[in-house]
Amino acid sequence: MKSMQATTSIKRGLAVLAASCVLFAGAAVAQEPIKIGAFLAVTGPAASLGDPEQKTLEHYVGKINAAGGVLGRKLQLVSYDSAGDAEKARTFAKRLIEQDKVDMIVGGTSTGETMAVIPLVEAAQMPFISLAGAVVIVEPVKKWVFKMPHSDRMACEKIFIDMQSRKLSKIALISGPGGFDKSMRAECLKLNKQYGIDVVADETYGGGDTDMTAQLTKIKNTAGVQAVLNPGFGQGPAIVTKNYGQLGIAMPLYQSHGVASKEFIKLAGAAAEGVRLPGAAVLVADDLPANDPQRSVAVAYKHEYESHFKSDISTFGGHAYDGLMIAVAALKKAGSTDKAKVRDAIEATRGYVGVDGTYNMSATDHMGLDLTAFRMLEVKGGNWTLVK
Amino acid sequence: MLARLASPRTGGLLALAVVIVLLPLALSNSYFYDVAILVGLNAIVCIGLNLLIGYAGQISLGHAGFFGLGAYGSAILASRYGWPPLAAMLTTTLAVAALAFLVGRPILRLKGHYLAMATLGLGVIIFMVITTEDKVTGGPDGISVVPFRIGGFVLQGERIWYWVVGALLLVAVWLALNLIESPAGRALRALHSSEVGAEVVGINAANHKVMVFVISAVFASIAGSLAAHYSGFVTPGKVAFLHSIELVTMVVFGGMASTFGAVVGAAVLTTLPQLLAVLKDYEMMVFGAVMMGTMIFLPRGVVPSLARLIQTRRQKASNNGGEGGHEQGAGASHSCGDATGRDCHRPPTVAVLKPRQSDGGGGV
Amino acid sequence: MSAQFLQFLLTGLTVGAIYALVALGFSIIFNASHVINFAQGEFVMIGGMATMSLTASGLPYLLAIPLAIAAAALVGLALEKFAVEPAQGASVVTLIIITIGASIFLRGLALVIWDKNLHPLKPFTGDTPIAIAGATILPQSLWVLGVALAIVLALSWFFGRTLLGKAMLATSHNRLAAQLIGINVRMVLFLSFGLSAALGAVAGILVAPITTTSFDVGVMLGLKGFAAAILGGLGSGVGAVVGGLVLGIVETMSAGYLSSAYKDAIAFVIILAVLFFMPSGLFGNRGGERV
Amino acid sequence: MSLLRVEALSKKFGGLNAVEDLSFDIQPGAVHSIIGPNGAGKTTLLNLLSGVYRPSAGRIGFGEHDLTGRAPHEFAAHGIARTFQNLQVFFNMSALENVMVGRHLHERCGIVSALLRSPRQSRAERACREEAAEIMRFVGLHNYLSAAADAMPYGALKRLEIARALATAPKLMLLDEPAAGLNPTEALELDDLIVRLSGRGVTVVLVEHNMRLVMGVSDHILVLDYGRKLAEGPAATVRNDPKVIEAYLGSAIAHDGSYGNAIASAVAVAVEMHR
C-alpha cells in the first residue's frame, strides 16, 4: 500500500521536472481511493510534534483500510513534510489540492503553516482540519477550516484556574522563540488580569540555547514571584526544567500542553517532579476512572500507538487521531466525498469522544472542545498523574 | 565584431524568454505555476546576489535578511497601515537600499570568512528583530498580506503572477548583463581578481563594493515584497540564516559569475525539494548528497562547467588557434562563467591562494 | 547580586567552553585547508547521538564515549576523503557549499539511522547541583570545563611539541613551503578533518547531558562555534578558545542584565563591533588575507 | 617645475626602515631609473609613489597636488599609473577587457545608464573598446586582441599590464621590473617600447635590475641602498660612482649569487667603467 503510494507519487514527482504531467493529472482523477492530504512538520524545529502526527495518520489509515476502508473505498494518505516552514506548507497544500486532488486535508502542525494555507483551502473550498494550537485559526470562524487541539488560550485558562486554587497571584513567564511559545505567551498575557494574576517577569530564550539559568536566576531574584509558567515544546522546556532544579527554585513550575508526553519527563529527569501542566486525558489513560467517557478511546489509542511504535504517546499524535476519526465520521455521514457535504458533516460533529476530549462543533465553534477536555496533570514518581 | 560579441547575451535573453513563454504549455495546474513562480522569485534574488558574490567576489550570508525586510516591509505597510502595495514596495525598497548603503561600507572592509560572518550576523540580527517584535511583525507565526493591486487592478491567481514574475525575471537578467558589461561591471570583476590592480587604474574599490552590495540588496528586497504579496502570508522562515545559505548555494550551484547560472541554480534547487518530497525521511539525505555530488563533479557550477565543456568541443572541432582565440574572447567578454578564466571562480576568500601566473614574476 | 553575577559567569563559562571546542574544530580545518567546514556542527550531533544509542544498547560510558568519538572521527575522515579531496582545486566557496551539502546529508543520515526525537543522556557523575557562594553549577558543567581545559592543553602540546602537530602548523602558515620541506600536505588535511571531527564529538558528548540531543542540535552549535572562531580570529587556537568563552559570557550576561530576547542579537552586534576595529578578529593573523 | 617631488619620505615595517628619509625630484618627459641591490627598497618606493603603501613620514607632491596618504585610486586619478613585478593582471577577463578597465577613469557613465544600457553608454562602450584595441596594438599585443588573459604567455602579460597602465592616460608611469622574467629578445623589444612610451609624452620611472636596459634608456638614475639615496644624476655620472659599484659588488657577494641579475648588473657597471 505504502510502496504503491510511493511509486505513484514518485511518478508524479518526476512529472514536475519533466513537466509533462497532463496525463498523470488525468490519471490522478481516475483513482479509486478516498484521498486524505496531509502536510506536517515531520522534520525541523516542530518535529517532535509532527512526527507522532505522521505516524498516527499512517498507522490508522492502514488500520481503517484493513477493516475495509470507508464508503467501500480505501483511504489513501498523501502526506508531505513541510518542516515547519509556512512557505513550504503553502506549496504542498497547493500540491495536495491541485496535483494530488485530495478530498480533504488533515494537517498543519504549527500555527504559521496553518495560517499560510487557510487562504488556499478557503479559495479551493477544501475541508481542512488543522492540528495546530492557536485560537486565531478558528477565530474568526473560517468556513472550511477546523482545528483539533485545545487552543493555547484554553491552556492559559486552565493553568490560571489552577494557580488561583493554589493562591498564586504573581507569576513569571519564560518562553522560547517558536510560534507555539509566542502565541501562548501572548494569550496568557491577554488573560492573566481576568484571573487576578500579575506577570511580574517575562523572559525568553533562543532556539538551540543550551542553558537558561541566566533567565531563571533573574526570575528567581524578582521580588514576589510565586510561580513560573513556561509555554513551549521540545528541548527548551526540558532545559528550563533542569536548570530550575539546578537553581533549586522551590516555587511551582507550570509547563504547557506542548510538552504533554512521557518524553518530557525522560528529558527533564528528576527535575520534572512536581511540574504541572494542562494535558489531554490520553496521558493518564490508565488511571482515568472507569466511568470516564474518554477512558476507552484513550486507553485504546495509547496501547495501539505504544505497542506499534515502541515509543510513548504524545497529545500531538492524539490530535491527528481525532482529526482522522472526525474526518472519517464526516465522510460516512456525508455518504460521499462531496466537499460541501463533508464540510457540513464536520461542522455538525456533536459529542464525538476523542483522545483530546469531547468535540461539539458548531457554525460558530470550529474547534468544539471546552475546558473539560484539559486535565491538570502533575509529574509524580516520574509519571503523569491527575491532579485531584 | 560587435555583432558577435552581442550575440551570446541577446541569445541568452531570447532563449530565456522563449522558455518563459513556452513553459505554461507544460504547467498543467496552478501547483506547477506556483513552483515556477517561486523559481522566478528566487532567481531574481540570486541574480543580484551573483553580482555581489560571483562578479565582485564579496560573499554574503545575510541576504535572506534583505529578502525578509522587503517582504515584511510590504506586508506591514500594505496590510497593517493600508498603504497602496506599490507605494509600500517602493518605500521598502528605498529603505533597504539605504540600510545596505549604511552597513555596506563598514562591513565590506572585511574580507573572506570575516565578511561572511559579518553578513551572517547582520541577517541574524534582522531575523531576531522580526521574530521578537511580534506586535508589529506577528512574530514567528507571521502575518498575512493583502493581494498586490495597482489602482483597480488586483494581481491574483498563479497565472497572472507567472507572467509578472517572468517579465521581471527577464528585466533582472537584462539589467545584470548590462551592468556586467559596463565600466562599473568591469571594475567589479577587476577588483575581484586583483583589488590593488583595480585601485591603481583608478577604481575606488570600496565604492564599487558598496554599490553592488546595495544593488543586490535591492534585488532581494523587491523579490521579497513580491513573494509576500503573492503568497499572501509571511513568516520569519524566509528571513532565517538557513535561507541565506540556500540562496548562496543556488548561486554557487548554478555557477558563480554566470547570470544564467544563477537562474539555473535557483530553478534546480527550488524544484528539487518538490521532487524529493516523495522520499519522506530520505529527502534530506538525498538532497545533501545531490548538492555535494554536483559541486564535486561540476566545481564551477552547472552552467559554467557545461559551457566550458561545449567550448572545448567547439575548439577541438575547429582547432584553428585564431578562431579559438575569438571564441574565448567572445566568451570572456560576456561572463567569465563562459570564459576559461579560472579567476572569477576564485571566491573572495582566497586572496591567499594567488593564481599561478602572478607568482611567476617573483620567482624569477 | 554578586551571587547572581557569579551564576551568570559560571553559566557563561560552561556555554562558552562548548562554543570554544566547536570553534577549535573550525580553526583546525581552516588552518589546513582555508575552508570553513559547515558540517562541524554535525560532528557535535554525531558525538551526542552515537553515545546516546550506544549507552542505550547497554554499553558503559567508558566504552560508548571512545566509540562515539571514533565514529565521528571516521565520518570526518570520510568527509575529507570522499567530498573535499576529490574537489581539490575547486574554489573555497565551492568547498564551503560542499561542506554545507555534507552537513545536510549527515543530518539526513542521522534522521534515518536514529530518529527525530530528543534524547536525554545520563550525566557522567550525577546531577546534584554544587553550590558555590550562592551560585549553583551542575557536575556536568564541571566536566565540560575540565575536559575543555584538558583538550586545550593537549592541543597546545600537540601543536607545540609533536612533529605532526608542527607539520600541521607549518602547513597552515605556508602550504607550499611545507610541501617543499617534505610535509605530506594531503595527509595533514586528512588528519585535520579527523581531529576536528573528534573535537566536535567531544563537545557533543559533554553537552548532551545538559541539553539533551537530537539529529539537528548541530545547526545552532555549529553557527555559534563559527561565530566564536571568527571573533577570536580564524586559525588561532587561542582565538578560538577566547572567542568561545567571550561569546558564551556575553550571551549569558546580556540575557541576565539586558534582554534575554535579544541576547543573541547583542552577541552578534558585539562581534560586528569587534570586527569593525579588528578586521581579522581578536587574535587572527593580520596578514591572513592580504591584498 | 618638477613633475614629482618626494620630500623626506620614510616607510617603516615594524623595526625595519624599508625607505628612509628619501628626497628627490622627477622632471617631466624623461626616463628615470631607480636601481639598487635587492632589498634596497625599490619596490617599496614604487608602492609609496602609487599610494599602495602609506608613508610613515615625508611628503609626496605631484604637480601642485599633495598626494601624501591618499588612496591608490586617487594617485591614479592624478595621473600616476604603474605595473607590478608580481603581475596583477585580471585573469578573469579577456586581454582587451583588461585594457578597457584601464580606461575606467575616462568612462563618464553613471550606474543607472549602465544598468539601462543607454545608447550613450553603448556608444561609449564601443569607443572604449576601440581605444583599448589601439593601445594593445601600440604595446605590440595585436595578436591577443581577443585572447583571454589567462591564456597568454608571461611576456605578453607584462606588456598587457603596461597597456592597462597606459590606458589610464597617465602623466607618470611606474614600471616595476618590466624585464624580469623576459627572455633576451623580449627584453630587447622592451627598450623600444619604453622609448616610445616617453615619446608619447609619458614620464617613465623604471625600477629594473637589467643594467643593459637601464643604461640603454635612462636619462636620469637614482641609486638606492638600504632605503637611502646612494647616488643620483645622469646615467653617465652615476655609472662611474664608486659607491654604486661597491654597493653592487657587496650585495652581489652578500647574496651569494642567488640574485644572478645583481651580479650581472654589477659586472655590467664594471665593464662600462673600464671602457
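Chains here go by letter, A, B, C and D, matching the order in which they are written, and residues are numbered from 1 within each.
Everything below uses one rule, namely that a residue touches a chain if its C-beta (ideal position, glycine included) is under 8 Å from a C-beta of that chain, and two chains touch if they have at least 3 such contacts.
Predicted model, so just to flag it, every value in this text is computed and none were measured.
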Discussion item. Does excluding chain B break the complex into separate pieces, and if so which chains end up together?
Written reply: A, C | D
Practice prompt. Just grab the chain with the largest centre-to-centre distance to chain A, centres being mean Cα coordinates.
Written response: D
Discussion item. From the mean C-alpha coordinate of chain B to that of chain D, what's the distance rounded to whole Å?
Written reply: 39
Discussion item. Just the number, please: Cα centre separation of chain A and chain D in whole Å.
Written reply: 73
Worksheet item: In whole angstrom, how far does the Cα centroid of chain B sit from the Cα centroid of chain C?
Response: 31
Worksheet item: How many Å are there between the centre of chain A and the centre of chain B, using C-alpha atoms for each centre?
Response: 38
Worksheet item: What are the residues of chain A that contact at least two other chains?
Response: 42-43, 204
Fill in: Where chain B touches two or more other chains, by residue
132, 196, 281, 283-284
Worksheet entry | Junction residues of chain C, two or more chains touched | 111, 219, 261, 264
Fill in: Each pair of chains that touches, named by its two labels
A-B, A-C, B-C, B-D
Item to complete: Flag every residue of chain A that touches chain C in the complex, lowest number first.
Response: 42-44, 47-48, 51, 203-211, 213-215, 217-218, 221, 234-235, 238-239, 242, 245-248, 263, 266-267, 269-270, 311
Response to the item:
Note: in the complex, chain B contacts chain A through residues 23, 26-32, 34-35, 38, 131-132, 134, 139-142, 144, 231-235, 237-238, 271, 273-278, 280-281, 283-284
Response to the item:
The chain B residues in contact with chain D across the complex are 2, 175, 178-179, 181-187, 189-190, 192-194, 196-205, 211, 257, 325-326, 328-333, 336, 339-344, 354-355, 357-364
Discussion item. Which residues of chain D touch chain B once you look at their complex with the stated criterion?
Written reply: 50-52, 71-73, 75-77, 81-82, 84-94, 96-97, 100-105, 107, 109, 111, 114-117, 121, 125-126, 128, 144-151, 154, 157, 164-165, 167-168, 177, 180-181
Fill in: Complex interface listing, chain A residues touching chain B
6, 9-10, 12-14, 16-17, 19-22, 25, 42-43, 80-81, 84-88, 90-92, 94-95, 97-99, 110-112, 115-116, 119, 134, 136, 177-179, 181-183, 186, 204
